Structures are given as structure tokens and as C-alpha cells.
Amino acid sequence: MSEDNGFYDRVKQAHVVPLWRVPGTDSPEPDPIEVPYVWHWNELIPLIEEAAEVVDLGTDSDRRALNATNPGRAWGTTQTMIAGYQLVMPGESAPAHRHTPAAIRLMLSGSGQTVVEGEPVTMERGDLVLTPAWTWHDHRNDGDVPMVWLDGLDVPFIKHLHAQFYEDFEGKQLQPTPLADSASVERFGQGLVPRGLAHDRPHSPLTKYPIGTTVDSLERLRESMGDPEHGVSIDYVNPLTGGPVMPTMACAMTLLPAGRTGERTRHTSSTIFCPVRGDGYSIIGGERFDWSERDFFVVPTWTWYEHHACDGSDVLLFEMSDRPVYEAFDIYREEHGA
Amino acid sequence: MSEDNGFYDRVKQAHVVPLWRVPGTDSPEPDPIEVPYVWHWNELIPLIEEAAEVVDLGTDSDRRALNATNPGRAWGTTQTMIAGYQLVMPGESAPAHRHTPAAIRLMLSGSGQTVVEGEPVTMERGDLVLTPAWTWHDHRNDGDVPMVWLDGLDVPFIKHLHAQFYEDFEGKQLQPTPLADSASVERFGQGLVPRGLAHDRPHSPLTKYPIGTTVDSLERLRESMGDPEHGVSIDYVNPLTGGPVMPTMACAMTLLPAGRTGERTRHTSSTIFCPVRGDGYSIIGGERFDWSERDFFVVPTWTWYEHHACDGSDVLLFEMSDRPVYEAFDIYREEHGA
Amino acid sequence: MSEDNGFYDRVKQAHVVPLWRVPGTDSPEPDPIEVPYVWHWNELIPLIEEAAEVVDLGTDSDRRALNATNPGRAWGTTQTMIAGYQLVMPGESAPAHRHTPAAIRLMLSGSGQTVVEGEPVTMERGDLVLTPAWTWHDHRNDGDVPMVWLDGLDVPFIKHLHAQFYEDFEGKQLQPTPLADSASVERFGQGLVPRGLAHDRPHSPLTKYPIGTTVDSLERLRESMGDPEHGVSIDYVNPLTGGPVMPTMACAMTLLPAGRTGERTRHTSSTIFCPVRGDGYSIIGGERFDWSERDFFVVPTWTWYEHHACDGSDVLLFEMSDRPVYEAFDIYREEHGA
Amino acid sequence: MSEDNGFYDRVKQAHVVPLWRVPGTDSPEPDPIEVPYVWHWNELIPLIEEAAEVVDLGTDSDRRALNATNPGRAWGTTQTMIAGYQLVMPGESAPAHRHTPAAIRLMLSGSGQTVVEGEPVTMERGDLVLTPAWTWHDHRNDGDVPMVWLDGLDVPFIKHLHAQFYEDFEGKQLQPTPLADSASVERFGQGLVPRGLAHDRPHSPLTKYPIGTTVDSLERLRESMGDPEHGVSIDYVNPLTGGPVMPTMACAMTLLPAGRTGERTRHTSSTIFCPVRGDGYSIIGGERFDWSERDFFVVPTWTWYEHHACDGSDVLLFEMSDRPVYEAFDIYREEHGA
């Protein structure tokens, strides 16, 4: 390579960069900056309860949420998703708004309601509730214990694309609720579709996937498959397409029996896991991470991992991932085994 | 037009036909040979009970069914479908076989089981059960009353295409039943899809659509829509596609409140209706046809019709149609109103 | 089986048929009534020229066509298609109309124009021209020799479904031609799609597939594949979907080098072949059928066949089939080899 | 809001961030960091020629390219794409490799060859050549003048997803070329698809879209549409789907007649434009940007813009955009007019 005689300075001033000076253009496979990490319920709950004193819901902020920042990143739990806990105290409510990022809610403590496009949805521990892109949604706690759930949103992906739009509901109030509780489950959740109530959005028409149905389904599956080595899994699907619940994110639940180990795998998509029930640990990128009920943890892109259930009790392991994004462009890859 | 000098004879001998001698090539719209007609439960049940004496199930025939022949046709209820009653007496069974025509079963009397690809399905009055194309199926009556259901098959369509294949189960016996009763409903009927149990066939993975779910769904829909003038309808769908239950046939159920009249309409597809509950009459092609619970009747292609529910009770009106065939080729047309 | 005591008479009067008396319900595979048959150019051309004297185009008939009737059928070349020759004499024209049956035109002699939805398309020998379902079309011979082409229409299929609609162009005249000759080829035939000229119909936006392009493509394919044993084939496709040119019919061309034999095969779809160039014979259902340039012949459903090219010259063998109908319902089956 | 008593410090240490401290979560619409900018041919060509002295192709670098860095970003021309000029001197070649980012090549000066998966493709000025994701490709200049083209790659998008894989061709050499020049155009570019040469990748099977075809198509379109006010545009499409040439990027060409102004518009996708012929200027975000032949410029997300052609000559304006990414998730929005 010859002397540059100021070449690189002139290049920089011209707002171009020489390809041969861009690091990583010939890296053979993904080397993500994100790291595996566990956020523990026991550590974060005191903090978010403290937040209830620091921040007045509706006055200081419309939402009281602590979002996990991957230690390898400036912001975001993975390159596409943020996860975190959200808290609504008894008597509080979070006013209605809508935004292009889509959100997954996995109920973890207490009970309450999320209202989505006029449909009130009662949330009990383990329920999966969707507030898809550009749907009006608010949250309400009319009970007498705090409600806490796990949030999962595709904000880093939507922000990267500069596709965020946001709108407050008129008057920053709660929205009206003309529909019956969990009406969407009755309407679209049984292999039946009502005429005259078309659903032409790309997300699932189901707002709620109740935990009881999920657990029953897993238990029966486990029995019918002869209690398979690595446990059993179900995918939450859009009943009008058989595809993922959101265009950008997929959800699943695995039942890993006590003492068992899940399959070792890695893939280009990134994943956030939350054990709804049971304790265990995961080997991620060769390192052990212990977790307990209601913790959540992240597995970065292309990183080998496997899960272990402790001897005491079966584990119900919820996961949300950005796999649909990779599949949309034929860039999803996965490997199994050793 | 000149003298033909034997032209038409020579043409015929050459196995060609002059286009201008083919009748109907310029008919402006469909003029079906089929006619509207009602087959009455009260008239046919004695006949099929008599058939139980004439034909010994398993010896004389593998199935005891009386299929409706449209009075305008040599064979077939419509140009694409046959419908009829099928009877299995207590203690009897119909051995397993499979065929490329697909079948719809709407249970009308007694109870019993249909087994589809190893899955036993208990059938109670009003349940919709599918035995899709090329699936092993048998029928069993272990109870003490006769079981009768409505059959609907796409035989005239498949036969027209010369696409019928048929196979007896080995030994012409009943098939084994490794699966739990109605396992498919648990597996695919809740917005959840089990991993490792792929369903890559073009029909619904649900073998059964229980009547209870259907009625609940209709009642709630009626309430939520403010009891609309023409009643409410649901489509039975494939929960992996949102499309019809079979590639060739669609099913639906309408709740028409007592004293109400459905919308007047016509379409290129042909339809077979069966009132599961309630009495009424239909105006089809300008003529009145009275029907009672468990009768079935046919509306030919492009024929105006509307249904009326008697004052006494709400009507649950089941329908099966060949509409997916028309939609597959963009030749479906419908009109509403006067 | 017991005495019937008039059972079968009563059954017949009730407009039902006992399933066990319906012939063919358990036939293991298709046994079509259609037979293989060749219609020879040399025999039919004198007949259709005679038709030009018998029938005055525009006065006695809007089209002068002789359609092949399969010797095994009352009407139709196969269960889904009719094929035949159509003749327009110098100075004649066939007025514009449209109908739900779709039509394929393979030019065989002379030259002239077909106009489709305002687009005039010059037809030379070997060109494939489409007049899809419900498109206005007329035919014109402004030259000084007769024009003859092979017609292929899905009339038996559409008629079976009672889905025929028909309309004469206003005044039964020729339509205006605002577009340039073969404008669709320029617009959609190059991997380029004009903005503002949407094509939302289910058929190909291309009205014409010129023979020169087809032959060039086959010759290059033959060369690049090292002159394969059974020749080379191309499918004519819809450049907006990669699928067949029409929802109900597919077209293809095979180059079978002199002295070669095509692969032995059978399938559920039915096929009509027309050698555009070259002579040969086919073994169909075990029987030999000789054919020459511009003859056409039919292979029924599920019948084994193979083609042979004579030693003298390469064969260009055009085919049209109803395969898309079978694929739409997952009832297409094919077998190869011995 | 109360005193925090060290709350925010503890939150930070716990690797979470309070949602109410994340800037921009309620921004009503996109406010991209990218800015409009023009990179001028006359300024960059001397620089890249200087690069030919600084960097020896094949020794110092496998590619000699200067990629545009948006002045609002640390790296990348937009949030999803990089664009830049690439130079291969006479007698030089760039060895074969493949990577998951996909690349668009618009030839701007000289001539030469790009080889893609064994297919050599001669490139002349204005030709669009594709080297899609994970296809082996190399570049060769066997002529006697330098070849320069515009590169467009989806590297920022693929990198954001950590989905980059990269592989050198064995021995870092040129690949063999068993296929004829531009074989893909002959094979898939005419509405014909060869049997036995399946293409099951998500990108266009066409490697090249020659400029001659594009210009002819635009000129005819302009004539047929009566020379419309805002010019005419064509989209380059995948002839097997009618969709964009790549899953992540779309290409188009606009013919804007001399003195004319294109429509004013904005959209969520980002776009890079390159005038292949003619001079003009664009109003982007209210500011005027002048450009000449072979410059390229960027319009960020959700920024109003319109193009103007100078009086002297018609403009051919090439564009590449990430619109397919937005459409895949139903987050594409566009507005027109004032």
C-alpha cells in the first residue's frame, strides 16, 4: 500500500468512506455486540416500586416502565427489541395512546385490565396480551394489589427504520370500552370467524392468549408425545394466517419438565426469555446464567444456548423473538446440536 | 346460410362440432339445470331405517347413505356436491377407507364416533366434523340409539375432473386410535400451534367444530351487533390460513332470529342448507319452500333466495357451498338486494 | 342382502340414491371416459374451408370454428377444455365480445390480428396469443391469405360450474384500438412494470408470446443443458406471478430433437398437444398415434404417454393443459418412468 | 416529580432505563438524523482514481469503493443502505466472494463484466446488474478504459440485524463461467421459464436489466400516456413474483422530460437517486440541491421532495429504496401533494 498524501483526509471531507477501511465487512459470521444477561425480579421490583414514588402516573409519565438495556449496548435489550417490567398501582391507570412499535405484555403479578381498541382484557398471571402496532391501548388497575407485567416491544427495530409514529388519545384519557371483556377471543379464537367483522390488519385478531389454555395445551402435548427429552413447545399464532402474532415478533411457550435440558441451538434472531413458572439456568455462549420465576434474560444473535430446569419443579418458559424479521428477508439461519 | 351439401355429416364424422351449432355459447348468464328442492327428514328417515334392513353394513356396503339427486340432474345434488343422510345403527361400524373427494359431516341425531387419521371424534347433534380429502376415516356407533348425520361431499366436482382415487384400509377394518378424543381441537383450536406436529395439508387441521362453541359465538355476536335485521353468521375457518375448511367447500352457520328474514342474494356458487334448529321457509327463484329442523335443501347457481324464520323459535341454519372453487379462478360473482 | 319390497322404487321417488348403488364410488384410480385421439390438419382444413362457404362470418355466426369432440364424450375435447381450428378469411373480421371462459390462440397459418381490450396483436405462425376470461376480443384478417389458428378454451370446466357469462360488444362491432401493436409485451414483458398501469387480474398481463422468443429460448436452453436426452421445455408464465398464463390453463413448448423420445409420464390433468413444427408419433395408453405439423391430439387424465420425433427434423410441440385446476385443490398427481 | 434519592443511579446500575427518560418515545412522527445530500461525480471520480494508486486491487483490498456517509450519520448513506462508486481499472479484477448483504450495480462509465453464480454479465452504461444476497460474484475489466459503477447495498440494515455472513471464493480467485453472457435474461426475461432450472431464491432470477430495454419502455409509456405532467416511471421487478428485485431493496427508473417537475411526495422509506442522463435539481426538505449526470443523492425518511429537469434535456433518474422493508411490516406510509 502506497503513501496516501492526504488521501484519507480528502475522502473524509467528501463524506465518503473507503470500503477497505470499514471494519467488519468481511467478518465470516455475526459477532454481536450484545451480551447474554439476566434481569432478576427480586432486584428490579424494589426499584420499580421506588419508581412509583418518584414518578406519578399520568402526571409525570404516561407509563411506568423500566426497560432493560443490554450491557453491550447504549440502549435496547437486543438490536430489535426492548423488554422490561411495567407497574400500575391500585387505583392508577395509564392513559390511551397508540404508536407504530408493537407491544407484547406477559402478566406476572396482580391483576388488572388492558384495553385495546375498545376491548377490555382482564390480565391474570401468565396471560399473554397484545397491543399491536398503531392500536389504541391503555392500562387500568381497579384492584387492590399492584399489577406488574413484562413488556416486549420492537422499538429498536422501528426506530432504526425511522418509522415511529405516535398519537395520544383525545384528551389523554382512557378510551371507551364498547366491547365485552376479551371479546376477540370469543370472536376469532375458536376456528370461527364472524361475518361483517373483518380483520385486515397484519397482526393477530386475538388480543389475549389465556395462560390456562396454554398450559392445558402443553400438558396434553407432553402426554401425547410421550414426555419427550427436551420438553414441548407451542407457538402462539395468528388464527387467520397460522403465522406469528405480530409481523415483527413471535411468541412461544416451552414446558421443560423438572431436571430436563432443552436442545442446544443458535440462530440469527435474538430472543428474550421469561420463566413464568419454575427455576433453572441456561448455558449461553458457554457461560452459566441462573434464573428464577419471573426473571427475564436475553440471548443474542447467533449465540449457542440451552436451558436447564431445576429438579424441584417443571419450568414454563415464555419467549419472544424477532424471528419474523429475519424470515421476511430469507436471512434466518439456525443450527442445532453440538 | 347456404345449403350444406352434407357438411354437417362430414363434420360429425371428423369428431368436431361447429361452434355455431353448440347451444348456449352466447347465453348471457348462468341458466342452471338444477332446481331448488327440499329433502324432508320426516320422509327420508323411514327410508334410511328401511335401508338398515335391506343393506347390512360392512357386508353389503361399507356405508349406508342416501344421497340427494337434484330433480334437474341425473346425479348429484348440485354440479359440485352431493348431500344426504347417513345412518349407523347401535353396535354397527363402517370400516376405514380414504378417497380424494372430501366430506363434511353435520351430526343430526344420536351420538357416536368418527375416527379421522387416528383421532376419534365424538359427535353430538350440531357438531361439524371433517373427513378431508385422502384422510383415513371410519364411523362407529357404540351407543344404543341410531346415529344419523348429514353428509356433504364434493364428488361431482372431483368426478368431473376424473380425480377420484380410493383406497380401503388394510383388511377393511377400523383403524387404530392412538390419539385422544378430538385431539386436533386441543392442538390447533386455540390460537396455539404445537411445534413438531406440522400440518402441511390444504384443509383445516381441526377435525371437529363443536356446536356449543358455534352457538355461543353466534349469540355473543348477535348481542354485540345489536341484533341485526338479517341475523348473524359465522364462517368455519382453517385456523392456519383463515380460509375455508376445505379447498373445495366452505361451511357457515347463521342465526336467524324468530320472525326475521335473511338478506336476498344470489351468487355463482351452489349451496346446500340444513336447519339444525328451528323451522321456516325460503323463497328460492320466486317459489316458496317450507322446511323444518334437520331437513336439507339446495339453492342452485345464480338463483335469487332469502330465508325466513318462523315466529316460534330462532333458526340455526347450517350451509355448505362450493364457493372456494369459484374464488380460486376469480369467477365468483354475487349480487344482493331487490 | 334382503328382499327390497319396493325399497329402491321409493328411494328413487324421494329423489335420493343409495350410495351403494352409485357405480364407481370405490374405483381405486381415475378411469376416464375420454380417449386419446388425433385431429389432422389435412383432414380438417378442407372442412373448415367448406364452412367458409356454409357460414357467413358476422351474419350466420360470430366465430367460424370447428371444435374437437372427444370420441368418448358427447361434447368437449377433455373434461375441462375444447380445442379446434378457427378460420378468418381475407377481408373478414369476427366482432368483439367477451365471456367468462378463457381462450388460448396458437397461430398456425396466414397472419392477422386479434384485438384484446384495445390492444391489437399481430399474429404470425407459432405465436401464442391470450384472450383471457372476460376480456373484450375480436379477430381481423386484413391480409390476402386465410388465417387459421388453434383455439383452446376452458368451456367444459366453466360450463360444469355454471359460471358462463357472455356479452356482445356494443353494436356487435369491432372494438377501438387505442393501444400500439402488442403494447402489453413492451409494457410487461421485460422484467419492467409501468407505474400507473396496474394489472390486477389473475391472468398474465402479456397478450402475446412471440414464437421467435420461444424458439430462441429453447435453442439456448438445449445448448446450455448439453442437449438432454428428452429434449427441453419452457413454460409460458405470468410475469407478475411466475404462475400459469391463465388461472385455469397452462401452456408450454417442448423442443424434441429429431429422433428423440420424450419422458414417459402420466398425470391427473388432461392435455392437448399441437406440433407447431415437425412430425412424429406418440404412444398413448399403449397405442401409437402418428401426427404431423399442425395436427393436434389429446391425452386424457391419468393415461401413460410418450412422444417421439421423426428422424428428419426437430419437433416443436406446444401443449395446453388444465393442470392449474388440479393444483388449486391439491389433487394434482403425476408419475414418471416405466 | 419527587426527589430521586439516587434512584436514577441505581436504575442505571441495574441495566435498565426508565421509559420516561428515553427521548423520542412520544415523537409524533419520524424525525430522521439523516440529511439530504448530493455526492458529485466530478468531485469523487478524482478521489477514486487516486484510490487506484493508493490501493492495489486484490492485494490491498478486494474491492475499490468509496461509500457515501450521510453527514448526519457516523456511517451509512441511509439507515438501511450504503451507496458509492466502485472502480476497476483496465486489466484489473476483483476476486469472487459472497455475503448476506445484497448489492445493486448501476453502470456509469466504461464497460466490463460482473460474474454472478457462474453467469458473466457484460455491463454498459445505464445497465442495472444485481448481485443478490449470498451469491458468488466478481468483477472484471478486460477493456482499456476504467469501469465505474454506482453501488447500492443494504449493509446498514443487515448489520443492524447482525445477520452478516461472508465467504471468500476458494483461493480468493475469479469463479468459473460455465454460462453464456447474460444467460439469465434469456432464460427468465421473456415471460418464459425453463423447466429443470428452478429458481427458488427470494430475489429476481434476472441478473441484468439492460438500459436499452428500460429506455424503450419509458419512451413508449410516455407516448401512450400522452406525455404526462410528472413524467413516467417503471419499476424493475422479479418476473417470478411481480415484486421488487431484492427482498430488501427496490429499483425504479423515471423519465422526467426537460423542464418538467415530478410529483411532490414523502414516505417512510429512504431513497438514493442517480441521474443516469440529464441535469436538474431537487427540492428536499425545503432546500434546493443541484445535480448533474452520474451524481447521486439521498432523500431521508419522511422528507418532502420533488425533482426538476433542466430545460436542455430529458432526465433519466434511477432510484433505489428500502421500501420493501417497510412494506413487509405494514409500516410503509406515503403522502402526496402540497
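A, B, C and D label the chains in the order they appear, each numbered from 1.
FYI, contacts are C-beta pairs under 8 Å (C-beta built on N, C-alpha and C of every residue); 3 or more make two chains touch, one makes a residue touch a chain.
Everything quoted here is computed from the prediction, not taken from an experiment.
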Of A-B and A-D, whichever chain pair has more C-beta contact pairs: A-D
Cα-centroid distance, subunit B relative to subunit D, in whole angstrom: 53
Approximate Å spacing (C-alpha centroids) for the pair subunit A, subunit D: 33
Cα-centroid distance, subunit A relative to subunit B, in whole angstrom: 43
Residue list for subunit A, restricted to those that touch at least two other chains: none
Topology of the chain contact graph, where touching chains are joined (line, ring, star, complete, other): ring
Contact footprint of subunit C on subunit D as seen in their complex: 179-180, 183, 186-197, 204, 206, 209, 213-214, 216-217, 220-221, 224-225, 228, 232-242, 252
Partner subunit C, residues of subunit B touching it in the complex: 1-4, 7, 10-11, 14-20, 22, 24-32, 34, 37, 39, 43-44, 47, 50-51, 53-56, 60-71, 75, 79-80, 84, 97, 99-100, 133, 155, 158-168, 201-202, 247-248, 268, 270, 300-302, 322, 325-326, 328-331, 333
